[in-house]
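Shared between the two complexes below is subunit A, which has subunit B as its partner in the first and subunit C in the second.
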Partner chain A sequence: MPTIQTLYDAILNGNAKAAKEITQTSLAAGANPQALVDDTMIPAMNEVGRRYEANEYFVPELLIAARAMKASLELIRPLLSARGAEPVGRVVIGTVQGDLHDIGKNLVGAMLEGAGFEVIDLGVDVSPEKFINAAREKKATLVALSALLTTTMHSMKAVMEKLKESGMRGNVKVMIGGAPVTQKYADEIGADGYSSNANAAVALARKLLAA
Partner chain B sequence: MEHSPTPVTPNERWLAIFAGERPDRIPTDYWATDEVTSRLCRELGCRNVEELYTKLHIDGLVTIDPPRTDAHSPGDSTADLWGLRRKLVNYGEGAYDEFDNHPLAHMTAVEELDAYPWPSADDHDYDLFRDMIAHAPGHRMIRSGNFEPFLLYCALRGLEQAMMDLAAEPEFAGAALEHMFRYYFELAERTFEAGEGRIGVTYIAEDLGGQSALLMSLPQIRKFFLPNQKKMADLARSHGIHVFYHTDGAVRSVIPDLLDITGIELLNPIQWRCPGMEREALVRDFGDRLIFHGAMDNQQTLPFGTPDDVKKEVLENREIFSGARWVCAPCHNLQPVTTTENIVTMYETIHAHGAL
Partner chain C sequence: MRLKLISCEVFTRELCDAAARSVHQVDLQFLPKGLHDIGCSGMRERLQTAIDGVDTSLCERILLGYGLCNNGIAGLIARAVPLVVPRAHDCMTLFFGSRQRYEDYFRQNPGTYFLTTGWIERGEATGELRQLSIQHANGMDLTYNELVEKYGEDNAQFLYEQLGDQTKHYRRLAFIEMGLEPDGSFLATARSRAQEKGLEFSTEQGDLRLIHALVNGPWDDSEFLTVPPGERIVTDFGGGLIRTEKGNAEAGAE
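Here is the complex of A and B:
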């Protein structure tokens, strides 16, 4: 492996140890934490996403890049909070009720985090009520639902219905994804968007929140 | 083609298609969850799977493997032979098994792997296996052996860590996969010898594809998976046993390697809605070397389509695969969300229109 000299390269190469060390050194030298995110981390994760969509990177590379990004972000996040910096958006994400499969959800969460979103990850087997309560408490503007199974994807419809019942539907956008999920299904249940992969999910989230 | 005067058995149909010949009709196969099988038996008045297969004209395989003399891990009597514990996860209409522990998750060194209580091929009862084979229905093809080590590695290590290991810890991943291979290879050697020519097919698999692309890169697949798959396939072939190969997803770009390196002859499940898996192109590019198994879409058509949609897809597949060899089967396990009517429609349609 080549010597990693920049945070950008550390993330791109998935070297968490180097990402952490370079972040520590940069912050100690007085680097602006917001600038590290905006000028290095987000462009690095954008490039990771581009390589993934271009079939140059695959799931292993995506995961180790996300791990490196998170190692750096762990150091930066407390500094951003202390400055009162606002994220690009707040996303509540989870795998729907009855479904324990989370790699797709985790990849989307990591890519969103790498794009400057605050990600509230509710984990797996998440009930509709839990999604709604978390969105309300955290003042999220986006809810992201994942399912792998044809037998569990109908839980997405239940989340949409509960959102309407709770009067929250106007406050949040909903995006969905997962192996059996399609744009047609998103239209059917009234979700705002569907994405077929983690990189496209970032573009979708940006688009939904800009609308 | 002249029809043979005596009825063709499912076993003969499989043998014919593996031999590159045209059987009397398109063979069929069956993959389903236990809940679906129970429901079908109940609703169709069948007392067992054999009756269900007969009723729906399914050329299903019979899977027989040498039973374990001790079903548990040498290191953990509450876990399976690999040290894995399972928990049942309910999703409403049914339940599925999920792994509850990842015994290799905390390890960092190859030496720790070497000290792990791996299962041994000695811990199987090959006499009982011979007996089971002898009592198996003669009209069905027997499937023995199951090689899918990375799936197991993902369970032992945790899915994300296992995936990351391919890029970040290649020595560790390679060493673990080698431990598994040694067990599986010896088990297969002894199984195939005990099977005495009665075993028709063995199962080799690894999920290499996601919904839209390969999960891992071609160099990773070539490094970690294909060499040992080739050894397993060669062993099977040396016993006259055919190779059933399964990989989910969008795997078009790895098919040439599977043909040339592993040496597969049958590919399952042909998820044709995934990019690159368009059936016409697969037939055009690989139809002379490959049996296509599956191709009945199990993410949209079977679970959410109407019986008419199912019938249309059977007929469409028959047309597209007409210049090649096709085994009609669902893409992976039928799930409880799929209606009995759709399932029956699939098998009735291929029975009515599947003559070759």
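Here is the complex of A and C:
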């Protein structure tokens, strides 16, 4: 079907309008929504990730591809939910308390959404309690924490401590990221993973939930 | 004592004043502002090069006019003479006069953009440093018109919203007055920037104490890390922010 290749290209090129239109046309023509996701859209996002790793794509390309993916998914997701299909995983994401930067967090959220995760974005300056309540209410399996400053990294540790106190630690995996964050810091505070960029964050999220 | 100071140029006015009044003989070397934007390994390499270029027969200590600055000082190695570094997240600790005072202010006023004379007159990174910045390397520093040209009008609007302003959630702009300002022009500039960005404006009293302590010593361990020859700086977020470790020329930051 030629349209499939075009939806692939629309996502790869970050053309949200085309992605939406092609998805509508394909669904109207009876395309299987799950197959569209699995056979065309996820492979397109994987290719976006490959190009990013190869320095052919940069942050703007990631963002517009994820935006096109989202435009298409907004049409498909209700159909999948109606069939009882579950997202790949539910992620609660936010920038930790005291930190008001969100470029990195938004990028990771968009890429996770593009990979089929349901993303619950709590915004910036998010308290540990808010992360924990959201994870509990939404039955999230993954919590993703972002910080841009060394002055706010301790808030990541505070989330880890609250998770333990609340008895929720065993229910969720925790991944962290942001300019000053390192694998060493993730190990120190007992987070399950660290990622240095948004594309690697998707692979990490898959790996953590598969474990 | 003869000391060498290698510092970010953001402290030019404060450190020139402090060096002039120091009990020691302090040789000053300023590096361009904006090294924190080129990534920790790039910043570390430049600082290490500057440290390695010092004639250590002419000084007993090398002082660093830097904070941790996004881990940019992590991995630096002291060679023939000790390095002395303030225990500071970034330059704001030095402008506020203590780590505690800055952290208290930061906690009570999240989302504050700070300006000082150095931040105003030495502004944004330019030239080579801008080209090397992480923002540039990731395609995140394009103007609106460049975005339109590259990605079309529709995507450009979206991208500009996403990438255009790192400080879009900030609430306040604070001008830190160090008492060295020649006139009211810096304050006026800061105030007008706050107005342009629609931020609440405040003036905070800076404190030169820690900057003076850097050039005077005796470098109490609670406020300064002294790195003995052959050791390197590593982060210590659980304690004093930075500590030393046996050096390894090949090892980078963590």
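By definition in this document, the second predicted complex is superposed on the first by the 206 of 211 C-alpha atoms of A that agree within 3 Å, B and C clash if a C-alpha of one lies under 4 Å from a C-alpha of the other, contacts with A are read in each partner's own complex, and residues count from 1 in each chain.
Heads up, the rule we're going with is that a contact is a pair of C-beta atoms (placed from the backbone, for glycine too) under 8 Å apart; a residue touches a chain by one contact, two chains touch by 3 or more.
None of the values given here were measured: they were computed from a predicted structure.
Look at subunit A after the overlay: subunit B and subunit C clash there. When the shared chain is aligned, subunit B and subunit C each come close enough to touch A:R67.
Once chain A of one complex is fitted onto chain A of the other, the partner contacts of A:S196 are limited to subunit B, with no touch recorded for subunit C.
After overlaying the two complexes on the shared chain, residue contacts for A:Q183 are found with subunit C alone; subunit B is out of touch.
Contact with neither subunit B nor subunit C is seen for A:D121 once the two complexes are overlaid on the shared chain.
Counted by residues of subunit A touched, the larger count belongs to C, out of subunit B and subunit C. Within the superposed three-chain model, A:D9 lies out of touch with both subunit B and subunit C [touch as defined at top].
In the superposition on chain A, A:K17 makes contact with subunit C only, not with subunit B. Of the two partner chains, neither subunit B nor subunit C is touched by A:E113. On subunit A, the patch touched by subunit B and the patch touched by subunit C overlap at residues 14, 58-61, 63-64, 67, 97-100, 103, 106, 125, 149-151, 154, 179-180, 182.
Of all the residues in subunit A, the ones that touch subunit B in their complex are 14, 55, 58-61, 63-64, 67, 97-100, 103, 106, 125, 149-152, 154, 179-180, 182, 196-197. Considering their complex, residues 89-94, 98, 159-160, 163-168, 210-217, 220, 298-300, 303-304, 335-338 of subunit B touch subunit A. Chain contact summary for the complex, subunit A toward subunit C: residues 14, 16-17, 58-61, 63-64, 67, 97-103, 106-107, 124-125, 149-151, 153-154, 157, 179-180, 182-185, 188. Subunit C makes touch with subunit A in their complex at residues 68, 70-71, 89-90, 103, 106-107, 110-111, 134, 137-140, 142, 147, 150-151, 154-155, 158-159, 162-163, 166-167, 169-171, 235, 237-238, 241, 253-254.
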